[in-house]
Amino acid sequence: MLRPVQVHLFASARQLVGQRTVRWTVPAGGLPAREIVAGLERRFPRLGPTLRVSRFLRNDRYLADLEETVRPGDEFAVHPPYGGG
Amino acid sequence: MLRPVQVHLFASARQLVGQRTVRWTVPAGGLPAREIVAGLERRFPRLGPTLRVSRFLRNDRYLADLEETVRPGDEFAVHPPYGGG
Amino acid sequence: MVVRLSRRSLSLAAVERRLRTARSGGVVLFAGRVRPDRADGRTTVALLYEADRAPALDRLRALEAEARRRFGARDVVLYHRLGRVRVGEVSVVVAAACAHRAQAFDAARYLIDELKATVPIWKEERARPARRPPRRPGRRAGRSAGSGRAR
Amino acid sequence: MVVRLSRRSLSLAAVERRLRTARSGGVVLFAGRVRPDRADGRTTVALLYEADRAPALDRLRALEAEARRRFGARDVVLYHRLGRVRVGEVSVVVAAACAHRAQAFDAARYLIDELKATVPIWKEERARPARRPPRRPGRRAGRSAGSGRAR
């Protein structure tokens, strides 16, 4: 049984979706990150504008690009623009 | 009896003269500050270079210029370049 | 070096203890506090801060290393509060100890600018409406024991 | 506002208490400490600070007014120690609380630069010679009980 990808949503992304974490099923060989992002927008259309200004991480590392493969059991994070301080 | 001017020397000026305060006799009508400064250099020749980079105060106020009159009983201060911090 | 994300409030005395490196001539510290005024006329009562903790700590440690490399910082403090921080409280502290003051100013400025732009921390406002009539000093006189603050 | 010349050591906690103005978004603080290293290879053990007290306080108050005028500083601390200050101790603190951080950085930088250049305070070094052999850990074993520090 394949473990899902855990998609962690922060700040405005979390508020728009109403959930902190979304489970995402991917095939055994994984998916390019851009397909996860596109899938999120299809499932949560209001998230679109936020996704276009967000950064993405796989297992706590920033993605080099959206072609990076996301595999079953990975953690995937959506970071809207930062606002600390 | 006329009170002397108290000339207060700070930092390198004090070290060169070896005294913190020097008494200076001026006539009842006072003297322009430049004559006090010239007199200090005559009396303490090693003080010359320091006097040329110092600022002067009369009664805790910076002199507008060296023509300002210094009167009996005044306090006159010699400030070499500052070095706080 | 101190890099910390914490729900607890921070005193400058704690920062001072961390910056006792005798060879550093200058320490510059920036403390950011929650301000009450908002552009829309409402009044902020608190900010809620959240972080993506592991990558945030990684970024803070990278900023510390960069401050050492670029500005010769000998000691660095990077501290951000998480959770609810009320108006007037300190939400963030950065500090850099360097041999000379110009470096320390540049390092502290770099650290707070980069922290705000590149560390995964977010804030959410808790505000109350504008022009709320002042409350009477006789407290809890009516039926409501509510504090009047947004949650 | 605090403008002070004092022989007593200063804690940042005391500065913090003075900067509790809730409306200020950013506080920048500079603390200058006595450094041991000298250009000539000797080692500073302490600095002796003196001031011409009345005009120094006048100048510090003028700097505070100027920081308010130019940078919108809402609270200012200007503190300088006098007398003997040992290596590693803080000799000067300036701090400015402003609505925004850029102003606070500019104000603090202005205050320390102007303090050094225009306030009648002077320092005199107390140093010991270069390349002194390290002292043995067995202290006061010989006939001399001297500390080896210059006075």
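Should a chain be cited, it is by its letter among A, B, C and D, assigned in written order, with residues numbered from 1 in that chain.
Here, a residue touches a chain if its C-beta (ideal position, glycine included) is under 8 Å from a C-beta of that chain, and two chains touch if they have at least 3 such contacts.
In this text, all values refer to a predicted model and were calculated from it rather than measured experimentally.
By the touching criterion, once subunit D is set aside and every other chain stays in place, the chains split into these groups: A, C | B. Distance from the subunit B centre to the subunit D centre is 28 Å, each centre being the mean of its Cα atoms. The mean-CA centres of subunit B and subunit C are about 50 angstrom from one another, to the nearest whole unit. Annotation for subunit C: residues touching 2 or more other chains are 32, 101, 112. Residue positions 85 of subunit A are each in touch with at least two other chains. All chain pairs that touch, listed by label, are A-C, B-D, C-D.
Residues 32, 49-52, 54-55, 58, 80, 91-92, 112, 115-124 of subunit C are the ones that touch subunit A when the two sit in their complex.
Put simply, subunit D touches subunit C in their complex at residues 11-13, 15-16, 20, 22-33, 35-37, 87-88, 99, 101, 104-105, 108-109, 112. The residues of subunit B lying in touch with subunit D in their complex are 8, 10-12, 57, 60-62, 77, 79-80, 82-85.
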